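Just below sit the structures, each encoded as C-alpha cells.
Look at the two complexes coming up: chain A is in both, with chain B in one and chain C in the other.
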Partner chain A sequence: MTTTARLEMTEVVKTFGPVRALDSVSLEVGAREVHGLLGGNGAGKTTLMNVLFGLYKADSGTVRIDGREVTITSPRDAIELGVGMVHQTFLQVDTYTVVENVVLGTPLEGGSHRAGLAAARAKIAEISERFGLDVDPDAVVEELPVGVRQRVEIIKALYRGAKVLILDEPTTNLTPQEVDALFASLRTMVAEGMSVILITHKIRETLAVCDKMTVMRDGARVQTLDRADTDAEHLAAIMVGESHGSYETPTLTEAVALGTEAPGAVVGEEHVGGFEPGVSVVGATVRNDHGVELVSGFDLEVGKGEIVGFAGVAGNGQVELAEALAGVRPLERGSITVHGSALSGKPTAQWLDGGVAYVPEDRHRDGILPTSGITENLILGSHRSARVRRRGLIDWRAARQRAAEAIDKFSIRADSPATRAGDLSGGNIQRVILARAFAHRPRLLILHNPTRGLDIGSTRFVYEQIREATAAGCSVVVISEDLDEVIAIADRVIALYQGTQAGEWASSQVDPYEIGRRMTGLGTASVGGAA
Partner chain B sequence: MSEFLALVVPMWVVFTLAAQGTILSGRTGVFNVTQEGVMALGASVGFVVAYKLESNLGGLFIAFLVGALVGLVLTVMTTQLRMDQFVVGLALFFAATGAAGLLYREVIGVTMTPPKIDTLTKYDVPLLSDLPVIGEPLFRQDYVFFFVVVLSIAMYWFMQRTGAGLDFRSVGENPKAADSLGINVNLARTWSTIVGSGLVAMAGAYFPLHFTGIYTDGMIGGRGWLVIALAFLGGWRPLYVVAGAAFFAGMDALGQKAQVIGLGIPHQFIEMLPFVATLLVMVFAFRWARQPAHLGLNYDRESRLAG
Partner chain C sequence: MSTIEQNPPSPGGPPSAPPPAAKGRGAGAAAGIVWTLAPYVVSVLLAFLVGGALIQAMGYPAVDALEAVLTSSFDSRFGLIETLHKWVPIVLCAYAFAIPLATGKFNIGAEGQMLLGATGGAAIGITFSDLPAIVLLPATLVAGVLAGAVWAGIAALLLVRFRVNEVLSTVLLNFVSFKLIDWVATKVWPDAGAGHPATTPVGEGARLPLIGEAPGLHSGVLLVLALAIFIAVGMRFTPTGFEMRAVGDNPRASLINGVRTSRLAGAGLVLGGGAAGLAGAIDVAGVHGRMLEGMQSNFLILGIIVGLMARGSMLALPFVAFGIAVLEFGAGTMQLVAAVPVEMVLVIEALILLFLLLSDLVRNRLRGAA
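Our next item is the complex of A and B:
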C-alpha cells in the first residue's frame, strides 16, 4: 500500500482468564474501504473490535490510526480518535428520545439545553439526509422497530464525527430491503472518505459490500483477501479451516443458511408428497406480558416430520407464539394438539411428557440456570423421567453419565460436567440447551433463533440434529430472524406480522424480497424486486 | 388544622431530604438501603457536634460529611469491588446503627438527664408568614426547610433540564450505553452516592436539631425504611418525591396526633399506621411507578454475561 492505512492493529493479544481470546491478531484497514471481518462464533471478531473501541483492555499489541500510534483505554478515547461502533445489542437508553440518545455524553452547543437539542436535531437531520438514514428525532427509541434503532446507532457514531465505523453483525434483524438500504448507506460513507469495518458471519453479505475481508478463526487472523481475489466457496473453506482437514463442501441447505448460495436454490430437497397430520393449533389467542393480545385466532398445522419456518421482524409475536406452542404461556382461547394428545390447559409437566421441547430465544434468561452445572441443566425437565431416577430420587451417577455423553456428542467446550453453565460462551450454552431439547426425543420441537451466534460447524450440527428428529417423525417449528436460515431449512415458510400469518410459501417457491415486504406489513402488490 | 400542619411540615423536611439523597444515587443505579442506619448516625453525630461546638450548622455539616463517608464505603464496595449492593447496604445499616449509639455513649456517657441543645432558629418568610392558618406552619421555618426546597428544585432542574442531567440519568438506565459514549459510569455513581448519603445523614441530624434537642437510640423509628418506599412511590423523580413526602409526613403526623388524643387503641397499632398506609399505597404505586432500569445492578465493562 502506498499511503498509510487509516487503521493498523498489530499483534493484539487479549486473554479472559485462561482463555486466549485474541492470539496476536493484526488488522489493516484503508481509508475509503469497507472491510469485512469474517469468522464463526468465538473467532474473536467482536473481541478485537471491543479492544479497538476501548471496551476491552488488550494485554499487548499496538493500534495506529492514520499512522500515529494511539492508546485507547476507554470508549471516550476511541470516540475522540474518530472510532465509532454499532454493537449487536444496541446500546441505547430505551426511555430517551432519538435526539437524547444521540447527544448523550457530548457537550451541547447553544446557550440552553433546549437550544442545544434543537441544534443537535438539525445536525441529525443533515446526517440522515446525507447518508440515507431516515429517523424521527423525537421518537422514543423503545417504540421504534429494530431497523430504525440500528439507524439511530449509526447516527450516534456519525454525530461524533466517526471516520472508522465498526458494525457488529448489523444485518441479523433486518429485512432484505433494509439490508440493501444499509449497504447503500455504507457505500456512501466510504465514498466520502470513511472506513467501515463490518463484522459478519455471512459470506454473501461480505461479498456484496466489502472491498477487503479478513477471516478470523479461534482468536487468530487466518488471511486477509481482496474482494476481487475470492469467491464464496473459497471464503467458506478458509472460515471452516481446510487445515483442520474437516472441511466438506456444504450441502445446499447449509450454503443458503450461510449465505454462500442464493435462496431459492433449495429445490432439490423439497419434500415430495404430504405429511401425516401431527401438530394442530386451532384459534390460539395469546397475550403478552403487558396483557396485550399479540396473537389472535392463530391456526397452524405441522405434519409429522415437517419443518415449518416463521420469518418475521423481532417483536411481531414470535416470543409469545413460541411460548404458547411450548406450553409455557397460557392460551387465552384455542387449543393445541400434539400427535393426538390435547395439551392446552394442561400443566407444563404434561407438555414435557407429551414430547414438547423448546429452545428459547433468550438463552441466559429462559434457557439455563447460570449458576448450576451442565449436569443439572441437562436433566432439567426430564428430572421426573425414569432415566435419571432411582428409588424416588435423582440418580446423579446416571445424570452425570448422560451429561458426559452430551458434552462429547454436542462438543460442548467445558472442563467437566460440573462446569457452571453461566461460565460457558454463548455458543456452548446453546449447545447445552439443544442437547437437552434433543434428549427429550421430541414430538414437537420449537426452535427460536437456534443457530444465532453459532459457527459453521455448530450450525451444520444443529441442522443435522433437526433432520434426524424429523426423520423420526418429529414436527418442527423454527422461528428465526435470520430469513436465510428459515428459507434454507423449512419445508414451508410463513411470514409473521403483528401476530398474524402475512403469507405462506413452499420453500421451493420463496422470494426473499416478497417475504421481506410481507413481514413488514406491506401488501401483496409486487414491486418486482428479484432475488 | 394549623397545629396539624405544624406536625406535618418538619416531617416533610425529613422525608424529602432523605429521599432526595436516595434518588440521587438511585438514578445512577446505586440502590442505597442504609438510610435507617445512616440517619441514626447523622442524628448522633449532629447532636454530639452541635453540643460540643455549640453550633447547629456545624452539627449538620459534620453529619453530612460522616454520611458521605458511609456513601464512599458503599460506592467503593459496589463499583470498585463489585459486591452486591443490597448486602453491602444492609451491613452498613447495622454498622452505622451501632456506631451511632457508640459515639453518643463514648462522648456523652450515660446520664440521668440527657444533655440538651437549642433547636434550630426559625425565620419568617416576609408577608407569607402572616397568612391565616397556613402562614405560621408553612412559612415560619428553619434554614434546613429552605435548603430542602432549593435542593428539590435544583435536582429537578439538573436531572430534567440539562445535558449533564441527561448523561447522569443514562448511567442508571443503561450503563453500558453510557460507557460506550464516554460517560464515566463509576465516577457518576461515586459522587452521587457520596452526596446522596450525606443528605440522608443530614435528614437524620434534623431529628435532634429540630424536634427534640436530645439524642436517643432508635429515634429514627423506621422512617429510614419508609424513605426507600418513598423513592419508589416518587418514581425516582425529585418533584414527585416532594409530593410523596407530603403524604408520608401526613401519615406520620396522623399517627402522632392519634397517640396524643388517645383513642383507646393500643399505641403500637397507631404507630403502625404510616407503615400500613405505605403498604397500601405501594401496592397500587408499583403498577405505574417507573424506576431506573439498572437500579441495584453493578456494572462490569468486561462482563460477557451482561447484555
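Our next item is the complex of A and C:
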C-alpha cells in the first residue's frame, strides 16, 4: 500500500445548532474503488458528502485529494478538484436537451455557440459510449424517464472531469434492469481509474457493487469493511447497532425490504384460503390536475385483511390512483365501494367517516400542518366527529390527552403534544400521519411510499402497524416505487404502467425482473415474454 | 439623542399584546410567554427610539411629541372615549384582514367593504327613519354586515368559481365602492347643507345609545368587545375555526383530510367583509349619524398592520388594535402640541411592524444558538 488514497477525509466535524451531525468522521477512498456509504436515515451519510461537495462547511477536519490537502467551500471548488455529485433530486432544466443540460454552466469551446455545442455533443456521446450510459444527446430532458435523467446527471459530472463521483441513493426510483445497468457503468468507471462513492441504505446493493463499505450511525463512522470480509447479516447487525438493544434478526419480509435478502425468498408467506371481499373498484377513470386522463377503466378487488401492492416507476398514475382511492380526487367515471358502502361521488369527509385512511407520499406537502402542534395534526380529519367534541366545541383537553397517548404508542420523538409537526424529523412525521390514519379505525388503508427515507427501526414499525391493521380486517393498498418493499409486504403484486395494470402476481410467484419489465411497459404485448 | 431614550414607558401603553394562546405547563409556559411578549416590547421601544430620532432630526421636540402620542388617550375621559371609538373600526378592519388570512387569503378590500356597510346601514337608517330603535338599530347594523359581506362575497365568488386572485378583486372593488358611495352621497340621499359629500342623517332610532353623560361612549364598543370574545373562542374551539387555521397552515393536507378548502376560503372572505361592513354601520350609527365620504380614513392599512402584528392570534388582535388606536388618537394631539405632522405616527406604526417581523429572524437565531 504505497499509493496514496484518492480521497482522504479526516476527523470531519459538523454541527447544526446543538446537533452533532458529523462526529469526527474519517473516510478513505482509493482509486479504482466503489465505496459504499451505508447507514440508516440521519446517520450522516449525505451530510458527509455534502461537506465533500462544498454544500456544507465543516466545523473542523481536513480533506485530501490525491494526497494534497484542499479547501472546498462551494460545489464549484469541488468540481474543479474533480469531485462530482448526483443528488436524489435532479436539478435539470426540463425544456432543454441533454446536451444543453450537460453544458449549462460550463464554458463552451470553439468559435461559436453552435460549434461549441457540436463539440460538447461529441464529447457527451463519447462519455455515453465509453461508460455504457445510454442516452440520446438530443432528447429533451422532460420526456426522459427517471433512469435516463439520472444518467444525464452522471454524464454531467463526468463531462466536468469528475474523478470522484458521489451518488446519493441512486437506485430509489430505478427498475432492477436499470440498477444492473447503472452498476455495470460504475464498474467501468472504476476500471478506468475513477472512484465512486455510493450512498445507500440497501445492503444487497452495496454487496453487489462495492469494493469497500463504510457503515455510519448517529453521525459517526462505525466501521469500514472489505466486501470480501462481510455478508448481509453482518452488515445489517452493524447498521442497526448494538446500542439499540440486542439486534434481532429481521423477519424474512423485513429482510427483503431492507435489501439484506434477495426478493423471491418470500415463498410460504402467501395467505392461505383467500380473503372475504372488501373493497371493490369498478371502471375507475381519473384525470390529473391538468385534465389528462391518467387512470382509465381501472378495476380492483381488495379483500378484507389483504395487502395489494402496486409496483411502478414514479409518474405512472400512482398519485392519481392513490388520491382517487382515498376520495380526495373525484372519479371521472366508475365507482368505489368500501366494505359495503358506495363512496364515489361523496365529499372526502364522508370517505374518512367510512374508514378510508390515506398516508400520502409527500408527507410535508400533503400530510401535516407544519406550524400546528401534534395535537392539532392528529385531530385533523376527525375534527367534526363526535368523539373529539363536547357540546359542539372541540375538547382540546381530551385531544391533548389522546395525542400524548399516540406519542407514546407510536414512539413519536417529541417534547410534548404541543411540539410543532414541522419541527419533527421525517420518520416522526410519518409516525404522526400513521397515528392519525389508524385513529380512523381504517377499513381501507392507502399507503404511498410509506417507508421512503425512513431508517430500519421506523420501517419495521410501519410494517408492524400495517400487519396489525390487516389482522383487524382492514384492506390495504400499498403503492411504492420501492419494488423490494412491494414484493416483501404485499399478498398480491400489481405492476402499474401508465395508469393500467401491466401484470399481476401472487406473492409466492413474483419475479422481480419480470415485474421490472412490465412496469416499464415491456412484455405486455408479447404473451409470456422472456421471463 | 440621549433625551429620547428616557421616554417613560406609558401606563397601559402601545401594542403590548398578551400571549396568544401560549399553552404549556410549568416553566415552559413562562418561557413561552416571555418569548411571545419580548418581541412586541422590544419592537415598540425600538420603533419609538427611531421615530423619536426622526422627529428630532426634522427639528421638532421629540420628547414632547412622543409624550403627546402616548398619553393623550389617558389624559381625559374624552380622550379615552375617542380612542375607543377609533378602536372599533380598527379592530373590525383587522378582523376583515385576519380572518381571511387565517385561511391563506388576503383581503385588501376592508375599506370598500366598510363603505358598503356604512351605505347599507345608512340606507336602512334613512329609509325607515321613523321606526323605533328596537327594530331600526338592529336592522341598521345587520344591513351593514350584510352589505360588507356581499361586497366581499363578489371577490369570494370570483375566487371559488373562477380562481380570480382575491388580492386583485378586493383592491379593485375598493375603487368601485368609492364611485358607488359618491353616487349615494351626491345623488340618492344628498345632504346639500353638509358642505361635504354626505347623506342626510339617519333616524334617531338608528343611533347607537350612548353610555354615560356627554360626550358619551357609544354602545358599539361593547358590541365589538363581545364579538372579539366570540371570535377568539370560535377560532379556537369550533370545528370551522379549526378548519380555517388548518387551511391557513397547509391547504393540501387540509383538503386531503376532508376540509372543503375553497369553500372555506370563500367563507373567510365573506366573514371578513361582514366585519368590515359592521365597522361602517357602527360608525354611521355611533359616530357620524350619516354616511359621509372619507369616513374609511386609513382603516384599511391600520387593519392590515394590526392583523399582521397579531400574527394570526385572534386573542391578541383586539389588544394590538387598542395600542394602535392609542397611537392614532395621540397623533392629533401630537400635531397640536409639537407641530409634528400626524403622518409621523403611521411611520412609527410601520416601524413597529418592521421590527416585529425582523424579530422573527432574531428569535430563531437566538433559539438556534441556545
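We take it that the second predicted complex is superposed on the first by the 520 of 531 C-alpha atoms of A that agree within 3 Å, B and C clash if a C-alpha of one lies under 4 Å from a C-alpha of the other, contacts with A are read in each partner's own complex, and residues count from 1 in each chain.
Just so it is clear, a contact is a pair of C-beta atoms (placed from the backbone, for glycine too) under 8 Å apart; a residue touches a chain by one contact, two chains touch by 3 or more.
None of these values were measured; they are calculated from a predicted model.
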When chain B and chain C are modelled together on chain A, clash or fit: fit
Partner chain(s) touched by A:358 [first = chain B, second = chain C, both, neither]: second
Touching partner for A:506 - first (chain B), second (chain C), both, neither: neither
Touching partner for A:96 - first (chain B), second (chain C), both, neither: first
Chain A as apex of chain B and chain C, Cα-centre angle in degrees (nearest 10): 40
First, second, both or neither for A:349, with chain B first and chain C second: second
Which superposed partner A:53 touches (first chain B, second chain C, both, neither): first
First, second, both or neither for A:292, with chain B first and chain C second: neither
Which superposed partner A:105 touches (first chain B, second chain C, both, neither): first
Which of chain B and chain C A:370 touches, first, second, both or neither: both
Superposed arrangement (fit on chain A Cα atoms) - minimum chain B/chain C Cα distance in Å: 8
Intersection of chain A interface sets (partners chain B, chain C): 370
Interfacial residue positions of chain C with respect to chain A in the complex: 23-24, 28, 236-239, 242-243, 245-246, 249-250, 252-260, 368-369
List of chain A residues in touch with chain C within their complex: 17, 323, 326, 328, 347-349, 351-352, 358, 360, 365-372, 376, 379-381, 383-384, 389, 392-394, 396, 416, 418, 436
Chain B-facing residues of chain A, complex: 16, 53, 55-57, 74-76, 79-80, 85, 87, 89, 91-96, 100-101, 103-108, 113, 116, 156, 364, 370, 422, 425
Touching residues on chain B, where the partner in the complex is chain A: 161-163, 166-167, 169-170, 173-174, 176-184, 290, 293, 301-302, 304-305, 307
